[in-house]
Amino acid sequence: MKETNIVIPSQEIALKTIDMTVNYGKVEALHKTNLSFPKNQISALIGASGSGKSTFLRSLNRMNDKVATVNGQIIFDGININNPKINVYELRKHIGMVFQMPNPFAKSIYDNITYALRYHGVKDKQKLDEIVETSLKKAALWDQVKDDLAKSALDLSGGQQQRLCIARAIALKPEILLLDEPTSALDPISTAKFEETIMELKENYTIIMVTHNMQQAARSSDYTAFFHLGKVYEFDQSSNIFQNPQVELTQNYVEGRFG
Amino acid sequence: MKKTKIALLLILLLVPFLGACSHNKNQLTIVGSTALQPLAEEAGYQYGIKHNVTINVQGGGTGTGLSQVSEKAVNIGNSDLFAQQKQGIDSKKLLDYKVAVVGIAVITNSTSGVKNVTMDQLRNIFAGKITNWKQVGGKDLPIVLIHRSKGSGTRFTFEQDVMHGQPVAGGQEQDSNGSVQKIVAATPGAISYLAFAYANKKNLVKLEIDGVKPTKANVTNNNWKIWSYEHMYLNKKANNQLAKKFINYIESPKIQTSIIEELGYISIHQMKVSKDINGKVHQLKGE
Amino acid sequence: MNAKRIDKIARYAIQTMVAIVALILLALLSYILINGLPNASIDFIFKPSEAIKAGGGIRDQLFNSIYLLVLSMVISLPLALGAGIYLAEFAPNNWLTRLVKTLIEILSSLPSIVVGLFIYLLVVIKWQVGFSILSGAIALTVFNLPLLTSSIQNAFEAVDHKQLEAGLALGMSPWKTIKGVILPITVPSVVMAIILASGRIFGEAAALIYTSGQSAPRLDYGNLNPFSPTSPLNVMRPAETLAVHIWKLNTEGLTADSDAVSAAASAVLIIVVLLFNLMAHYLGNKLERKLTGKK
Amino acid sequence: MKAKAKNQLLKASKATKENVIGQVITFLCATIIVTLTLAIIFFVASRGIRAFVVDHISLGQFLTGSEWNPGTKNAQGQPIAGSLPMIIGSFGVTLLAALIATPFSLAIGIYMTEYASKRMRRLIQPMIELFTGVPSVVYGFTGLMVIVPITRKLFGGTGFGILPGALVLFVMILPTITSMVVDTLQRIPVSFRQAALALGATKWQSIYLIVLRASIPGILTAIIFGMARAFGEALAVQMVIGNSPLLPTNLVSPTATLTSQLTSQIGNTIMNSVENDALWALALVLLLMSLVFNLVAKWIGKRGELK
């Protein structure tokens, strides 16, 4: 059994971190991490709560800026996006995010999707309608809401709201989608539908997902990273992680002995 | 589209503020005694229409009037007192115009059961030596003294003409004729003093002093002792051209007989006596 | 005394107390309306006031009250909105922000006469603005600011911070998210704050006596040029409001029917406040529905 | 990612500028309000201190003396300006009014958030707001015409004093306290109440033990705001307090409050005269008292915070 086992995927890399650390004040919540995420693949981040996986995820699109200090490099399409010169707002057009609790805007379904788009300069009504339709279709929500887009998003069910958040995120056509335990607040049926949706999204989005749900990670992800007490111990293809992990800690966790 | 709607709204709201830069010339600001305010307002309104001048009359009390006109903050300062009678005012800087005379009646609540008192009894009542109406022939009812607030001109005149230097007893102070009027009318055994114009409310009894009724005629010959001038003060150094015209207008017989009478003041021209700063009265040589 | 009985007693006690308050309000309102309404006819509202003769109306005073309310809102709402947002969203959570919040609370507890005299000495006298609507509006702004600012700040803090996160995640700046996403959600409570604030300043008299003055020059409502002294829109003219008029009638009023006019004016003032409340509620709900898309 | 998008990543965009402008504007608004408050406080303090520094009113005598006659001098040549009657008057009126108003506003608050149906709530809300619309002048004169005669009949004397003052103020501050209490109670999540009921608590127990306990800071701030409003009220109190700067012997002996003395005297005094400065000293006391109110509320609020 090895101490750590971090694999560099052979495919094209969409995003990678070099010696990235995250400190909340003096506490180093995340030790040096070097991970490379394959393009148009789903990578799952698993580990006990408080192991630093969400902290890691939130640093990728600079959501931790005010809260923590993130050192080291995050290379996205050849650029180190972990430096003050980067225009964070432009960056987040390329790296979308969906949160644990669904947080649609207190606006209509249509406005939820188009509000950020109009802000980023897409003004033409016809183009907006088109994007709304494609995004909702991709998020498998179109059939249920297509005849009442003016309805308030708050009237939707939890599952539908979360899929609306997905639609809203992909409407900006990001390269990478970050999902922070997206299904932990959803019922099993919506969770299953959600997993199908992201499997289809894989064709044109790189997805990095934090999850507590081991089966979910095994079923729907291509690569998986195991976090423990703020350190990444193993990162490999999901099949290897779940069938024969190289690191003893991963094995214990995967077989549910702790965590 | 939304942006233009908001911009339009903003302009619409800001238009009134443009008016802020206009500060037209023919305007007169008069501040001071609340007793003189109704006269100044009515005369100001009529003068304003005739000569297309805006006359703003504000109250604020004698003290405010005198201090503002000495600082040239306002054109005319209304006062119920001679400037010399007010501490902290440099009367040399001011021009005194007496525009009317105001008589001050002594009023009591109808329950007092008294119609006439002597000047000494009145003095002792306010000095706190007499405390029950039955001591002056009225009902057995404690006397409730109600003074005007310390700085008011009416109070100064009353205490100068009645108390002759004796201090008044403590008691309730009201700062306006209106509240004195209401409180005396409502409180059994209450006594206070009011300008004639305010004293003719139905449930108020106007006391006679030594058999003299508080009427305008008795004031002109000083039979009724409690009265004072209403002064309009100008600042010597200020440009008083418009203010002087307005004061002449008020002192003109036409106004002295119309508005002055209606509002319960006494016209300057009817006075047969004059009173100096320390309250001494002199016969006017045959008017 | 088991818990069940206590529960029932508590419920009845609360209901009786609410009934008592309702009775007090009804008694107060009926006292004012019964005295006031008989002579608050329509033409009473559209007649200029009289200094001496009876039968004066309150046309100019009513207009001044409303005009001053609108002007002071135009000044204080943006300021309060800005300050409220800054304190809720941008201000670092340190002692300075807490000090600012206490200062604003102190501003709200300042007696109106002190504020009136401050504006009088500073604006009316020192800046030579004179007795005018402008000075009155500035004085009223001082009353509006604390109530509006703290209500707006509370409203913004009450909004779930996940909305801000959602906006940021879509590449929107915090300012844009606050303006476009969070502000619409706070509209109802902001409207509520406006109602409370305007209710209070509509009845304010002490501060205006020394700022917007006690004289109401006759206005010519046809003339809308804000520069001429007789135009209602001119902000430099002194303007006695309804509340100040009521105060003057009861203190120095020589008009023959001053009691009747003051009672009628009080009745009109309360009815206007009631109308204002209902309209603001209606507006608040409509705005909320339009902005948040709820049907 | 296309090249154009890549270099956009590196330069400031409309969003960054807009965000900076937004922060600057809101910061400016906050500073304007703070400077305004500081200006007023400095103004009142400077005028108030003049009384002690320029006119040599002794602070001790000022706070403990019970005779208010700044025009005249005492043996040591200091103006007689004892503001104790006014301080007691102000506090008496405010505390009594708050004492009466608190239970009622709590009752309404609880009724509104716990018991009232939607229709009732729609009815009571404008009712409360209407109270704020009534001008203090009308409260004053209604008090003079209604409350004073009643207190005179019940308790004798002139009918003026702390009790009528407190009753008038009770009606005036009720809406302020009630609307803030309702606001605080509504902020308590429904889950708190459900948790209590789930444990078999009666409605009153859930209110008393959970809801009220959790909203103590809000309720206290509401009371403080109400008291601050009562403390600063001038015109209404002046009508019914009796305006005599004497120590109140009981609840119905005429006395004066800091504000009533200020409003009734300020007009007749000349700027920079002794009487005027003495009044500003009263205003300064008023200011300091409201400062104390706020700090006490903050301190209690913090201690009562949800642990």
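When the chains are written out, they are named A, B, C and D in that same order, and each has its own residue count from 1.
One rule holds for everything that comes next: contacts are C-beta pairs under 8 Å (C-beta built on N, C-alpha and C of every residue); 3 or more make two chains touch, one makes a residue touch a chain.
These numbers were taken from a predicted model, which means no experiment stands behind them.
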Touching chain A and also chain B, the following chains: C, D
Maximum centroid distance from chain D, chain identifier (CA atoms): A
Pair of chains joined by the greatest number of C-beta pairs in contact: C-D
Identity of the most central chain, Cα criterion: C
Between chain A and chain C, centroid-to-centroid distance (C-alpha), Å: 49
Between chain D and chain B, distance of the C-alpha-averaged centres to the nearest whole Å: 35
Whole-Å separation of chain centres (CA-atom averages), chain B against chain C: 34
Whole-Å gap between the CA centroids of chain A and chain D: 51
Per-residue multi-chain contacts in chain D, two or more chains: 15-16, 141, 263, 266
Multi-partner residues of chain C (each touching 2 or more other chains): 171-173, 176, 250
Where chain A touches two or more other chains, by residue: 89-91, 93, 119
All chain pairs that touch each other: A-C, A-D, B-C, B-D, C-D
Chain D-facing residues of chain A, complex: 77, 79, 81, 85-87, 89-91, 93-94, 119, 175
List of chain B residues in touch with chain D within their complex: 34, 59-64, 66-67, 71, 86-89, 144, 149-153, 170-175, 179, 182-183, 186-187, 190
Chain B contact footprint on chain D (complex, rising order): 69, 71, 141, 144-145, 148-149, 152, 158-160, 238-239, 242-246, 254, 263-276
Contacting residues of chain C [partner chain B, same complex]: 51-52, 71, 74, 125, 128-131, 134, 209-210, 213-215, 217-218, 226-227, 229-231, 233-238, 248-254, 258
Chain C-touching residues of chain A, taken from the complex the two chains share: 61, 63, 89-93, 96-99, 101, 103-109, 111, 115-116, 119-120, 150-155, 165, 168-169, 172
